[in-house]
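Just so it is clear, A, B, C and D label the chains in written order, and each chain counts residues from 1 on its own.
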């Protein structure tokens, strides 16, 4: 039985680790706050008292952390993953971070004979719970093949998209498109409401035509109800759009809509709404439009 | 058997009229160029020598024309639909025009006891051929009920969204979202190509996650292949975005992404690409980005 | 002595008419509200009881009105300027309106042998009071020559920029640039304040370099003090930017910054700030930024 | 007589150092390419064979280099300024770099008792030659007082705007405004040309009203003549706008126009126009507009 060390048991990590347990893997989990480890133990996993303990006996190590600096420290820092690793181990970083950091960590892994993949996910908390995530993987083909049985316990669409960092690049494109789709939906809703149109019917017919999207299906109800319980926090989407705009600048890619929506997400965070779900983009559109009568 | 006068047998109108014939309606078609009328006759319809002849014996009149002035002239002009109509007729305008024009025509119809609906469609030439259009209807509920058997021969998602003009408003929102989704897809493709990612895999995984959209499914292959055979011409989308931006301005709706993409579509038309499919938005993004090596 | 009929004695019109009186012209003024006429009489002008009375004995008629429909009605409507005119009269419309309307009115004037100029102004209330307006004129050269002695009483920079409508086109470009300069200044102020920079010193050094502008000189103090007493109301600038964006669309001109700032001005009007001075653009930037600590 | 070590004798640095010589300072210059040092010697300066030699005997060291990494290496690198410095020296960095780097260098200087100022300039090559630069200074007041006699040889508007880094922040705001003013001017020119207006007259009247700006005065002739000899290269402005957008993101400042023009400048660089003057923004507007007939 493959044994897995899982580091980072947050909103996404805990249900992902739970699905690994359910699929029959032997999972040792570590998290900074002990309560999340206990939750995994209740679901059939084991507790690790430190990163080292989670890594020591594992065949595969998975990291699922908030941001680039977190991953750099947990993987390459003192008492981190690489410090406790043994040659031949496979490290799958499923966090959303900057592609350059993923490439650096792959190099650092190679230096101690640890194989590294960047494998960020899309699909949100719901996708994590249902084991229905989309997983985009950067790295070597043989390592991807080795990772697949593990990833299949957590995701439905699993694609090897290129060399180290490529998974993060695709995730960046994903976050660009999702933010844009959310903002366009928000604009459409405010526009339709201003004209006194029946919104339920309108969104139904929009969903059935060329304007249809997964964002429209999943996020329109929250926007109509002004229910912005996360879900996916604006602070995190703001972080991701920072990666997108930096990578686009570096590669000379013209992304005017991506850049504009990054500015709107930043504005929401700046005015204190960062802990709301990203569908709260609609509140900014509402605040800058004539109130519907 | 319900008899239908169908005016406007273009790229959309001919297959729509054909589906009415196939569904058992008695269809008399009129078009400015005789060749399109002949094409309808070959598919089982009748030829009308004038607007008046198409309208005279019809229970239901359908118009499917390029732009607001065309519809105004064909419906309310000399020798137009209303001039040849008889009380109680039902006129379904399926063109995409300005909501204000739809409201004016509804008033003009009411003055001569003709019931008018605005019922623009989404789904493109493919949807017209397959009878799978989305149809968004503005007007009175009893008239919508009367129109439904006819509309069901042409569309799959048929929704009454509000009073006169509401169909056009929803279509405007549709065009806003579609243009935005196309541009975001174009930005994502150029971004991914610049980073050397496997594009087929990347688009597959994007389609499976929260970034999924009908535009991604249907238009990504054309963008990747640089095949911009219309489809839906940029000139028409440009016209539609003129309606969107004017209506948003009038209602005080803040649509920054809609406004930005309207500017990009206008730029493509200005530099002579108006006869290409709207997926050609990707060419502008490519021209303003560093060429992929 | 040249006699002048002056129609429209608002914030701009009254001081302009007053400067004509001061320069020795015989001015008969008309305005919808009687109080403004009385104010002109106190400054040495004559009262006209109607448009017709203002026009009747005048050598030159000047109109200074809020918007295109006002000008169309006052000039070409029933009991309007043209209805009371005599052949050879010179009509100088100094309102800011759509270039197409100016061209229509020039044609309507020509039909009754009235020579028409469009001569909108820049410089605001202060420029009107000081007789220091910039005046941009569209029309025939000989008519411009005839108008110059009159215009010199009101303005300092007086330029014939092209045929009928050209004055309005240049005014549109002026309003595009002014709105953009205001918004850029607002962005710079919020940016500088967020970084704890000494604002007075910073604006002084910016004014001395390539970033210098008339907007920076005249409007920065109001922005720093949050004093948005008009001055030039946002509702009027919003109207003008509607002319700009429509004319740019019609001519196929790519104006991404103009279009973006038009959206921001519209947002301010939509949320009820239309009666503030246009320097209130800074409030929107502040509301979408992190509060300076 | 104050002795000055001047490092970086490029388009800006050489005329600045020359003005110091002319004002009576004893200037030792260093540059990577020997030809620039020779040019300074011809103008009355001394040649330094290394950074160390330039620094060794100097009372004041000035650096004028292209980008943040250059300054970091020259100042804090091996055999750099600080390595050759003696306690009490004054280092004035007049390069345009990221404010965070300026703050780091000030700390590094303090550790070896070297007083550091960030003092970037505005005014371009012309301002450098004429000794008419605007200079914005961040640092301690007593150090600014000590630097003033030196700075007055190079600039006309010299302002202490705040603590370490503040000079760079103001320079960033300057570059935001200048890029925006250039783009707005480009939009206005293309708009006016499309409408057949007399451009010389139009720009004269715009300059006289609220739309006036230093950019309009200095850059309109180049735009009209399509003469894009630098001047200030787009690659450098692109670098500066990277500083602006990063600093705005970090401080939560909403800069939608700044962000949009940064994207346009990046597009020009991406398509290979980076070595043109920044007034070449007008070429992009032209390429995305209908050609004037």
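As a convention for this text, a contact is a pair of C-beta atoms (placed from the backbone, for glycine too) under 8 Å apart; a residue touches a chain by one contact, two chains touch by 3 or more.
Treat the numbers as computed from the prediction; the structure is a model and nothing was measured.
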item	value
Touching both chain A and chain D (chains)	B, C
Identity of the chain that, by mean CA position, is farthest from chain C	A
Length of the line joining the C-alpha centres of chain B and chain D, rounded to whole Å	52
Intercentroid distance (Cα basis), chain C paired with chain B, Å	40
Rounded Å distance, chain A centre to chain B centre (Cα mean)	37
Junction residues of chain D - those touching two or more other chains	252-256, 260, 267, 270, 288-290
Touch list for chain B against partner chain A, complex	99, 122-124, 127, 133-136, 156-163, 165-166, 169-170, 172-174, 176-178, 180-181, 183-185, 187-188, 190-192, 194-198, 201-202, 204-206, 208-216, 218, 244, 247-248, 251-258, 260-261, 264, 285, 288-290
In the complex, chain B residues that touch chain C	242, 245, 249, 252-256, 259-260, 262-263, 266-267, 269-270
For the chain D and chain B complex, residues of the former touching the latter	256, 267, 270-271, 284, 287-290
